[in-house]
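Consider the two complexes below, in which chain A is the common component and chain B and chain C are the respective partners.
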Partner chain A sequence: MNLIITYLEIIILLPVIAGVILFFLPEKYRKIKSLAALAVSLMVLYYTVKLYFSGGAPGQINLIETGFLNWLGTSYLSGSSGNFFMLNLDNLARFILLLVAFFSVLILLYSYVYMDRKNALRNYYSLILLTLWASVCTVLSDSLFMFIFFWGFLGLTLYKLIKGHDEESSAAAKKTFIMIGASDGIMILGIGILWKITGHFNISELTVRTSDAIRFCAFLALLIGSFTKAGAFPFHTWVPDFAKNAPAPSSAYLPASLDKLLGIYFLTRICNDIFILSGWIRLVILILGGLTIIIAVMMALIQHNYKKLLGYHAVSQVGYMVTGIGLGSVLGLVGGLFHMVNHALYKSGLFLASGCIESKTGTDKLEKLGGLSRQMPITFICSLIFALSISGVPPLNGFASKWIIYQGIIDFGKGTGMANHLWIVWLSMAVIGSALTLASFIKFISGIFLGRSRTGLKKVKEVSWMMWTPMLILALICTGFGIFASKWIIPALFEPVTGSVTFIGVWDSSFISLLIAVSIILGISFYLIFSMGRFRTDESFIGGETNRRDVGFEPTSFYETIRNFGILKPLYGWAERKYFDIYDVSKIITLKISHLFSAAHNGILSNLAFWVLAGLIFMFIFLLI
Partner chain B sequence: MDQAIPVFVIIPLAASFLISIVGGRIGGFGKTISVLVFLSTLIIILTYLISGDHASMVYKIGGWEPVGNIPIGIYLLLDPFSGFMLIIINGMAFLSTVYSVNYITKYTGEKYFYTLFCIMVAGLNGVVLSGDLFNLYVFLEITVIASYALVAFGTEKEELEASFKYQVLGGMATALILFSVGMIYWYTKTLNIADITKILASSNDRMLIQFSELILIAGFGLKAAIMPFHGWLPDAHSSAPSPISAMLSGVVIKAAGLYVIFRLFFNMFAITWEISVLITAIGTLSMVVGVFLAIGQWDLKRLLAYHSISQMGYVIIGVGMGMMIIANGGNIALASLAITGGLFHLINHAVFKGLLFLNAGAIEYRLGTRDLNQMGGLFEKMPLTSGTSLAASMAISGIPPFNGFFSKLVIIIAAIQAKFYLLAALAVIVSIITLASFMKFQRYAFFNGTSQNYAKDGVREVPFFMSFSMLVMALLCLALSLLMIPAIRESFLQPAVDALLGNNEYFINLLNL
Partner chain C sequence: MYKDLLYYLIFPGFIFISVAGAFLSWFDRKITAWVQFRKGPPVLQPFYDFFKLLLVKETILPAGGSRLTFLMAPVFALAGASVSGILIMLPALGLKSGFSGDIIVIFYMLAIPSVTYMIGALAAGNPMASVGASREMKLIISYELTFLLIVAAIILKADMSIKVQDIILAQVEKGPFIGSLSGILLFVAFVFCMQAKLGLVPFDMAEAETEITHGSFIEYSGTAYAFIRLTKYMMLFILPAFLCIILLGGFRTDGIHLLWTVMKMIGVVLLITLIRNTNPRVRIDQAMRFFFIWMNLLVIAAIVLIYFGL
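Moving on to the complex of A and B:
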């Protein structure tokens, strides 16, 4: 136990101390800051690994009793209820801690080169370490008040990780923080209500049935918090804007990995630990999950900006996790958590790849890119693996987790209840979403890497090794997780968290991978044996016109068909006018009310004096009644 | 220590006379003296609070002892609640004068500025110390007359108009307050607050008491600028020189308005359900309407001014809920929690709103404009202003780890615990809109476009003394979070709450029974 305390002390105190010190170092020591941050994150990773394998029963640790907060000699906190400073160290928390530290290391490795330029984000390394610290504390806190403190602080670091250099990016930063901050405020309401009705505010002590309206409101408030953080419909709209405008490592770090980990972590907590859900709430969660998948992927299809496209996919994939966790079975939970991990892997990989492309080409428009596969082979191979993985192509990890979720949905259909009877709807939404994901990633891959090379991009080179190493690591993990999913990954990583899993039907990911590998090898050997490589290349025949070099067939233009397709056309039009964006709608309403009040404030003195008298008279009337 | 009580009034008052006489002859006299004066008063009150002795102290002016238990002189009383207010007043006054050292060079007539400033603070210190109703009114007038002049200090069209409105509405407030004081004097035949308490407790003329209560709410409501008595505030606070705006928003509306309301309704009148509901209702109205008015503004200081109305709403609902719980005979611990939230927010608001006005002043100092549309990209040029204003914006929007988060949290939690769910929800919604409007400020002032426009104009960070004040206040925004720690709360915030709740203690101290 004492060893665990030591580990915790290091994990919690090291990043914050280092973060604050780095904050005060001048920007010109950027290299040193970067290496220091990397060293700190590596140490945190090392201790989270030790913590994960340290064993010991899951349990609560009180910070006051353990002497954690007593380093001044006496505890100034002893007067308060000890529950405020309770840590929760169960397997789920340990697992998420491990992931948080792992992604921090990768991102910091990548940032060493990426962030090393003029007018890069100020205090970047300090912010990353503070984010790491806040995430670690969020995951560890058992007391909901401590939780909301760190959770809210994460919103601030998220805001600071976008550089508001022009009008669009500062608008995106503003929108992001308003939405995150709003959800935090709503969560405080939920926590307050929980405390009021149960008398507890510690996750480990709470078990609430969502039976009446007030409990339902508490649940909804907390759900909004987790949905906004993770980026699920209808609170997702900050994610694409953030992804488009923030530096790539920021997007890879927060919306792609850490916010997902934390949002889904909290969703798991509220669905499994805090509340006992009724069938109707499951129905609501599943509807929102399904809608998240479909709506976001439909929006992703029509994007021309690859960072925004990735941003919409970061939303769409959340739908799978929400669906998985909303099912409430062990299978669904494993699927949801596994998908969360997988998503963090490939989506941060994709954002890192987008950062490589942007730093080398200087554009984020798909139309201006093409044919980079020869010049940036490692980026290409990694992106291809990520893209196939996110689209759910076997044997990669995206397939494995989606497959478990599909199984979970089918299994869910055996139950009785409104949500259970509709299992086919959830299944088809998930499958269609997966197909559309593939469709939009064809656009991503072919638009950037395939096709004819653009004239302006001849000099583009592969990025430096410090930038491609993190991507390669992620790609290898994606493949490894996919191949060994059923054999090692699920039993080793997820069963300690969720309990043992029984799959329905036979599924052995390694065997499937073997089959796929065999078929690919067979294909290649046929190709070599029958000498299919000897074909003739020629100019395309376009009716006798000379084929100009600068004319290309942009993959993006194929997707215009979808945009103009019957019923979708007005829907896309409304979406682009932000009619479905909860942020813009509430903004309009707020400003309408504001104008209404402002119109009364014309600053004429007699009016002001009149209000005073009116107020006085009103008070008299109030008292007389 | 009890002999030191009048010092809070005498030193600033003496300084103001000295400055007006000598200030013109010796360069730099005004600023040096006023900074030193507020530093010394701040140190005196801090030693009182840090000493841990929370007993109240009475100073009888002229040494007039009570005759047959009837107080016949003017009494000054220092109890933890007054001490709490004195820290805010003198601390803010100190930081504002330090800031003014550079800032006021924009204006002519430096010596008048410091003279008026010292008079204003002398009046404020008097208001929170006075144990005599009419004396309180006199100190209040000293404060507001100085502030009328300070609002008009720029002597441009806009400033004069604002000051005129402030004077007219302030005159109405004066009339109402004097009328009510007269009513109470006529009824009780005394002006000593404790004596009044004793007589009111044994009277049964509810109608008359309620009438004077309402008039007092309207009068001090005007001073505190709560809806619907807020008309003067947006003009006055936005036109005044920035350190004065910081004082007006951070201190004057609290010490001259809210302090008196809380003090009188807790310690002089008996708390009744109707009055509690009324106070909470106007607090809610201020909170909600103020924020909607603020978010539409493009004039930076006007935006901040409307937020003062809205944030005062938080303080009032915190304390008002406490009153409602007490009036209902509910749980005193819960009432204490709600009042703690209110007072905690009061001191937090003094710091962060003061800082925001100083930030606005810094921007105006360099750019010469308050229009958000004409700013942008200052993040690169004025990093300290940008950083400190972010801290203040986060504090007012209730984002951890800044102080506003904790006070709003306490208020919301107290509202839920007392089953005022609607109030809790409104507090959250207003907090969200506050966040939105400060994101607007951050975006348009510091980001949003390039700083190319100012490349030639020499826009750079403000001078040392301005930076110093802003930095100290930004650190305070973080440091005040420590008030949540039980050991610190017990010795600093809780005594103030207890002083409000334990109305007998005030009464006994003042009467010296």
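Moving on to the complex of A and C:
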């Protein structure tokens, strides 16, 4: 037990101390800062691994009684407030901690080269370590009071991790900050309601039935918090803008991995630990999950900017996790959590790849790229693995988790509620979302890596090993998680968190992967045996026309047919004018209302005197009653 | 383990499916010839075609493309087709083995050949191939939802079971699923999906010979094209076999039932051959409308009928 507390103290204190020290180091020692941050994150990873394997019963640890906070004394913060510093160390928390530390290490390794340029983000390493610290504390906090403190702090670091160098990126940073901040405000309201109803702040002490309106409101408030952080419909609109403007490691670190881990972690907590959900709430969650999948992927399909495309996918995939967790069964929970991990793996990988491409070519437009597969082979192979993973191509990991979610949906269909009868709707939304994901990643892969190379990109070279190593690690884990999913990964990593799970289908991932490997080896040997020496390279045949470099069919125009398809055409038009963006809509409403009130302030003295008098009369009447 | 590998590579896996598929392909070409008042090829013509490509012809690589991806795509297509084939054939023949996959796995595996065709086509760096690949992708989006709804309807009919064995057993108990009104609607929708998945007229816009000179496959030749031909043969066997399993009561190989099984397969292939010979090619937006609206409505009607027990 004492050992666990020592680990916890290191995990909690080390990043914040290092982060603050690095904050005061000048920017010219960037390399040293980078290495120091990497060392700290490696140490945190080491101790989270130790913590993960330390065993011991899951439970609460009070830092005031046992930890480094015992100088505060119980008398100083007496009563229930002593629970403020309670830590919740169950298997879910340990697992999320491990992942948080793992992604921090990878991102810091990548940043060593990527962030080493003239006008890079200031205090980047310090902010990454502080984000790590806040995430760790968020996951460990048992008290909702401490939880919301660190959760809010993450919004701040997220805001600082975009470089506001022009109007667009400043607007994106502001949008992110306002949306995250507003959702935090709504969460505080929800926590307040919970405290009013139950008198508790601690997750471990709360069990609330969503039976009446006030409890439902509390649930909704917390749900909005988790949806905004994870980026689920309709609170997702900050994610694509952030992804477009932030540096690639920032996108890979926060919206792609940590925000998903934390948002889905909190969703799991509120759905399983704090509240007992009724059938109608499940229906609402499933509808939102399905809409998240479809709407975001439809938007991703028409993007010309690959970072924004990835940003929309970072939203779309959340739909699967929300659907899985919203099902409420062990199968759904395993599927949702597994998909969360997989998403963090391949999406941060894709963002890192986008960073490699951007740093080497200097553009983030698909139209200006093409044919990079020969110049950047490692980036290409890793991106291809990530793209096929996210599209759910077996035997990669994206398929494994989607397969579990689909089973969860079919299993859910055996029930009798309203939401259960609509299982085909949830299933078809999930599957068509997966087909559309494939479509937009075909565009991503072919637009950047395949096709004919552009004249301006002849000198592009592969990135340095410190940039491709994290991608390669992620790609290997993606493949490994897929191949060993049903036999090893689920029992070893997820069953301790969720309890034992029975699949209703069968998928022998390892053996079938072996069969695929056998087929591929056979195929390659066929090439070697039958056509070695009979390869010839020649120009393409285009129906007898001359093969001009400027003539081609661009991947960006692949889906014009879908864009112009019946009802979708006006919908896309409205979406591009941001009619469905909750931020822009509420911005318009707020500005309209404030204009209404500003009409009163026209600077004429008699009018002002009138308003003062009217206010006084109003207050007088109010106090009288 | 070794037995499983033999299952996979020889019977009822790779070799068996390719040979049977090659014969079905000959059958398809012979019927096409008869429809067009021609004589048609000899029985072994598919084998001649394949071995000529594999052994004799040189493989030409596109100068402006990504060559390794271009060459590896057909291998992955073949792997996907073989795995989906074995996953369908093992439960169909009632063989016990160390591995299996449920209907969702088969659904996803069946998409792999199309996905790899697209990647291969895009790696070729030919604008015609890009046009083909983009059409292929849009076609996948169109039929995938219909195909999934058919699978969901089958799951509903089989009392929420997703294992292929249980779906066959349910049909042994209750009679083939096609013997009901909803089953007939599902059959119609499945035949059109199959047409699109196989890339046959009226949904062959991805490889329209007369328009974009074989689209996705324009750059392929020699060994690589031999692999693609082989995958096409295999898919011509696998998809009708899948149809037999989920709607026509599965396969039986004892005594006279073997004849019935062969008749089922030939009947299905005859049907798709006749459709492909009597219809014009549609445009991609027409195909999308056809699947998105009409076929989905058809399957949804079938699902509603299943809820009423029809």
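By definition in this document, the second predicted complex is superposed on the first by the 574 of 625 C-alpha atoms of A that agree within 3 Å, B and C clash if a C-alpha of one lies under 4 Å from a C-alpha of the other, contacts with A are read in each partner's own complex, and residues count from 1 in each chain.
Just so it is clear, a residue touches a chain if its C-beta (ideal position, glycine included) is under 8 Å from a C-beta of that chain, and two chains touch if they have at least 3 such contacts.
It should be emphasised that the depicted structure is a prediction, and the values quoted were computed from it without experimental measurement.
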item: Touching partner for A:167 - first (chain B), second (chain C), both, neither; value: first
item: Chain B versus chain C as contact partner of A:561, first or second or both or neither; value: second
item: Touched partner set for A:570, first chain B, second chain C, both or neither; value: neither
item: Partner chain in contact with A:150 - chain B first, chain C second, else both or neither; value: first
item: Which of chain B and chain C A:414 touches, first, second, both or neither; value: second
item: Chain B versus chain C as contact partner of A:186, first or second or both or neither; value: first
item: Which of chain B and chain C A:26 touches, first, second, both or neither; value: neither
item: First (chain B), second (chain C), both or neither touched by A:55; value: neither
item: Per-residue contact with chain A, leading partner among chain C and chain B; value: C
item: Contact residues of chain A, present in both the chain B and the chain C interface; value: none
item: Chain C contact footprint on chain A (complex, rising order); value: 371, 373-374, 380, 384, 388, 391-394, 399, 403, 406-407, 410-411, 413-414, 424, 427-428, 431-432, 435-436, 438-439, 442, 445-446, 449-453, 504-508, 511-512, 515-516, 518-520, 523-524, 526-527, 530-531, 534-543, 547, 551-555, 558-559, 561-562, 565-566
item: Complex interface listing, chain B residues touching chain A; value: 164-165, 168-169, 172, 176, 210, 214-215, 217-218, 221-222, 227-229, 231-232, 234-235, 274, 278, 282, 289, 292-293, 295-296, 379, 394, 397-401, 405, 409, 412-413, 415-417, 419, 421, 424-425, 428-429, 431-433, 435-436, 439-440, 442-443, 446-450, 485-488, 490
item: Chain B contact footprint on chain A (complex, rising order); value: 76-80, 145, 148-150, 152-153, 155-156, 164-167, 169-171, 173-174, 177-178, 181-182, 184-186, 188-189, 192-193, 195-196, 214, 587, 590-591, 593-595, 597-598, 601, 603, 605, 607-609, 611-612, 614-616, 619-620, 622-623
item: Chain C to chain A touching residues, read off their complex; value: 4-5, 8-9, 14, 54-55, 57-69, 71-72, 74-76, 78-80, 82-83, 86-87, 98-105, 107-109, 111-112, 115, 118-119, 122-128, 130-131, 133-134, 137-138, 140-141, 144-145, 148-149, 152, 155-156, 160-163, 213, 218-219, 222-224, 227, 284-285, 288-289, 292, 303
